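You will see two complexes here that share chain A, one where it goes with chain B and one where it goes with chain C.
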Partner chain A sequence: MRRYFARKLLTYSLTFIAAVTVDWAIPRLMPGNPIDDLLARIGTRCNTREQCDAISSYFYNVFGLHKPLWVQYLTFWKALFQGNLGISVMSFPEPVSTLIKNAIPYTLGLLVPAILLSFWAGNKVGALAARRKILDNTVLPLSYTLTATPYQWLAMVLAWTFAVTWRFFPISGGYDPLRTPSWSFGFAGDLLYHWFLPFASLFLVQFGGWAIGMRNMIIYELESDYAHYLEALGAPRKLVRKYAYRNALLPQISGLALAIGAIVGGALVTEIVFGYPGVGSLILSAINNKDYFAIQGIFLFIIVGVLIANFIVDIMYVIIDPRTRIGMQGGS
Partner chain B sequence: MSLRVENLKVYYRTLAGDVQALDGVTFGIADGEIMGLAGESGCGKSTLGNSLIYLSGRMKYVDGSVELDNKELPIADMHEMDRFRYKEVSIIPQYAMSALNPTRKIGKMAKEIIESRGVDYHSILPEFTRRLELVGLSDDVLRMFSLELSGGMKQRAVMVLSTLLNPSLLIADEITSALDVSTQKAVAEMLVEFRDRGFVKSMMVVTHDLSILHQIADTILVMYAGHLAEKAAAEVIINNPRHPYTRLLISSLPEVGVTYAKKRLTGIAGTPPALLHPPTGCRFKERCPLAFEKCVEQPPFIEVDKGHFVACWKEI
Partner chain C sequence: MTRSDQKHDGLATGASTAAVASGAAGGAAVDVPSPKVRTINRRFEFLYFAIRNNKLILGLSIVIICFLIAIIGPLLAKYSPFQYTTSYWSPPSSRHWFGTTQDGRDVYAQFAAGMRSAFLIGTIGGVIASVVAMLVGFTAGYRAGIVDEILSMVTNIFLVIPAFAVLLVIAGFLHNVSIPVEGLLVGLLSWPWAARALRAQTFSLVARDFIGMARLSAQNSWRIIFREIAPNMSSYLFMMFILLFGGAILISATIDFIGLGPQFTFTLGKMMNEAQTNSGLLLGMWWWFIPPGIAITAIVGGLYIMNVGLDEVFNPRLREM
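Let's turn to the complex of A and B:
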């Protein structure tokens, strides 16, 4: 067990280092540079070439962009360990960590319920549909359609149907801009009202994937030897299905570990469609403004989040599947 | 008479048509009898064994009746049959080594199965551990997962679990096939022990291995291509078979004390017929050295001597 966790920790550390490096490099590979954009935006006027150079070199100095790349890279790591993600260029002089802190509740509020509920509901419905003709013939095609749908496309369809045509839900935003955020039921209801459509598009797409996976796994498990043995001994269908469900859940959990990255990506574009004030919308404006530090910071945050989520799933798998657990301890 | 099978027909559904794997068999097993069911692969012996307890989706009940302890077994009715499974008829399956749920501890799994059949696990637990000890397993296995056991241990655990509710009839399907010779002998002797101690009343041991049956079976039933060929006491089948197929089968086995350097072992020429469109009459006639005109009709399975049944026109 110890060795397993040591190995996992090593893998995750290497992934982290590689991801941070790529994260640092990506914005610097983008064409253009953020200082020119900043100067253009704040409308600095300079009359002579020297004045212009002086102003821009001042900002280069502030952001440390005049230093050689390798120094910037090392500085990035050093700041990272101090929990300092730098100053945002687009919302100068706001630190990037504040931007993320403001956006993260919205994103987590979307992601966590969407992942957990769709995993739970998809698996239950998929298991129910397996080997039941009518349910199978309805759930299966529906699930295939849902899971093949890109998040942003479903989001647009939902927005068009429920927000534009029928006006059941607001089309964008995290809450009504006319309200002041407060700890009241009215505001909470408003949040929920704005939350529903982005949540629904995330939930539905994932739901389809889990339902199909579970339905197929259950059929496979019901054909396995232990299931046939139970049936030959006259065990009720309920018990056979219970065993099949439990065993079919294991590959679904590894599937969850693989899917987390894609789900997070999906959540980001869904937020953009609905103008939801989470990390996805933040990323979009950071990219539009070539805000190196914000881009780096947000990506870093996502990377760490995905790694942690994966690690949790990894541990869960070990706890649930006796085969991996005993394999690690060595049989007696 | 413990088991009475009357003209049982079970076919396999395939896209090409029905495969007539079990085509009208009639026989009986007495109380306390261990009957060996022998024949080559594809002759329908496993089909016969399975159809007495669990018809899988591809198997189709066509005709016939099965009676156990004077009660009709509703073998064609999946749900009605549940009442009899495990308590009256039980099976040690061909796949005994993978029959245990890999993610449940063996004791917990046993508890769930047994309680699902309306039997109190705690009152049966002492007997369970006693029987596990009888086959050389400590009660530690109840706290283990199946992957912690060796293949032989799994098989013994399944043997004990399958017979725990003292069924009247036990079907042991090819349970020695995957074992080495010494383990085979030990497993075979356990089966006899189970019968002698009254854990099961009678037994049907399905195998292609006649030497195992010679050791443990009271009677042997030989099948060929979905039909019965011969049934008699084990000694008689081995030493004095009367059906030409049984004779050729026995004579193709090596004998102790004979050197085969000069004399080659002979097999039976030809192959068994396909059962999708089986030939009419005696199904062995294509390979039979004694075949004559009469063999285009199906020979009846009749008693030619006391307890000795043969289906061959030459023996009538």
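Let's turn to the complex of A and C:
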């Protein structure tokens, strides 16, 4: 067990180091000069060459761009460990970390229920559909369509149908702008009301993938020796299916680890469609405002989030699969 | 079921004896005739099952229709995608088949151009990702040992980092990416799962006798990989390419939707982005954002269904008999 987790942790720390390095290197490798962009943005007017040079060298010093690269790299790490992701340009002088902190609850509130519920429902429905002609013929085509749908498009279709045409749900925002956030039932209900459509959109796209995966795995498991053996012993179909389900769940959990990155991407574009005040909308405004510090900070935040989620899935896998536990405690 | 199982075993041994024969001959091809006849038979057999597989036919038809739209569609467009016409915000009509945008551009022209971009991105991204996956997967699976350890670690790192997040940073700093550059970036970031799968496949093949024979005859490693290992998983490689192709279209649609895609070419993601930023949703302009989404869903879904069909064609165990 310790070896398994040590290995996982090594991979994740290397991934983190690689991500930080990429995050640090990309702005420095890209064509164009961030300082010039910044000057153009804040609209400094300089009349003479000397004035311009003075202003830009001031900014070079502020951002430490005149120092050797390795010093810049170390400074970047140091700032990171102090939780300093830089100052946002678009909402100056707010630090980037504060912007992210304000957006996190909305993104997590969308993501976590959508991932868990779609994983649960998709697996259940997929297992039911396997080897049942009528259900299979309806669930399978629907699932293939859903899983091929771009997240943002399903979100747009839902918004257009339920928020623009029928007006059942609000089209944008995290809560009614006329209300002030408070710990009350009224406000909680309003949050839920705004949360529902983005959640449903995320849920549906993921649902398809899990249903297909589980349906195929169950068919595969029902073909295996232990299932045939149980059937030959006269075990009820329900029991055989229950065992098949447990075995089929394991590859689905590894699949969850692989899918997390794409799901996070889906959540971000879904937020953009619904103007939901999470990390996705933050990214959009950072890009539109060329707020490089914010883009860099959000990138790191996403990576760390995905790493943590992967680690949780790893732990879940060990808890669910008794074989890995035994194998890791010294068995072969 | 038992009959198909027997057939499968027969196929597998037939393939490996053929490979052993050519491997033992050291490339001199002494007794080529019999393996050649076998491969032709095999190919015909796949064709036999291919034209009888509904899923494959359905998926392939959808993809071919989309491809034809991508090829012929732009030729039929009466306007350029960027051209402003005098009719604003108009629903589909005989003059504007898919209607116009709020500033009077022809949606059909944008859609047709977007279809072309989608296939271009899919091809570039799919090819590049497949090549990287093959290089990494074959090397790791064939070499084993420390090379495998390092390559697997690199693969695992790339596997965890979400491709779209890296694309986000890169495209955010690049002021304008072209379609080929976007395809290249998508390809360079979406290979890890394929490499991991190929490594596992290679591992299982390397343990077979005919690879051992090829190794004994002192053949060059890359020759063994491409003459002995790769042909034995050609169906697998083809299916992998299809999935990478579809994946590249989906990832690029996400990037384009955020507004980081190409600025001077139309893509399906960019259409959705423009519809979103110009309140196409609030104005109820369904003709603007519905077509690109349907197109992406059709291409990617068609590819997935085709993949399932191919799986059944290549893998006798899955055939419904």
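Here is the rule we go by: the second predicted complex is superposed on the first by the 281 of 332 C-alpha atoms of A that agree within 3 Å, B and C clash if a C-alpha of one lies under 4 Å from a C-alpha of the other, contacts with A are read in each partner's own complex, and residues count from 1 in each chain.
Quick note on the criterion: contacts are C-beta pairs under 8 Å (C-beta built on N, C-alpha and C of every residue); 3 or more make two chains touch, one makes a residue touch a chain.
Keep in mind the model is a prediction, meaning the values are calculated, not measured.
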Superposition on chain A - do chain B and chain C clash or fit: fit
Where the C-alpha centre of chain A sits as vertex, the angle toward chain B and chain C in the overlay (nearest 10 degrees): 60
Partner chain in contact with A:Tyr243 - chain B first, chain C second, else both or neither: first
Chain B versus chain C as contact partner of A:Tyr226, first or second or both or neither: first
Partner chain in contact with A:Leu258 - chain B first, chain C second, else both or neither: second
Chain A residues touched by each partner, larger count belonging to chain B or chain C: C
Chain B versus chain C as contact partner of A:Val273, first or second or both or neither: second
Partner chain(s) touched by A:Ile26 [first = chain B, second = chain C, both, neither]: second
Chain B and chain C, minimum CA distance [Å, superposed model]: 6
Residues on chain A engaged by chain B in the complex (per definition of touch): 224-226, 228-236, 239, 243, 246-247, 250, 321-323, 326, 331-332
In the complex with chain C, residue positions of chain A that touch it: 11-12, 14-15, 18-19, 22-23, 26-27, 30-32, 144-145, 147-154, 156-157, 159-160, 164-165, 171, 223, 258, 260-262, 264-266, 268-269, 272-273, 283-284, 286-288, 292, 295-296, 298-299, 302-303, 306-307, 310
Contacting residues of chain C [partner chain A, same complex]: 153, 156-157, 159-166, 168-170, 172-175, 193, 246, 250-251, 253-254, 257-260, 269, 272, 275-276, 281-282, 284, 286, 289-290, 292-293, 296-301, 303-305, 317
Chain A-touching residues of chain B, taken from the complex the two chains share: 53-54, 56, 81-87, 90-91, 93, 95, 98-105, 112-113, 116-117, 144-145, 147-148, 158, 162
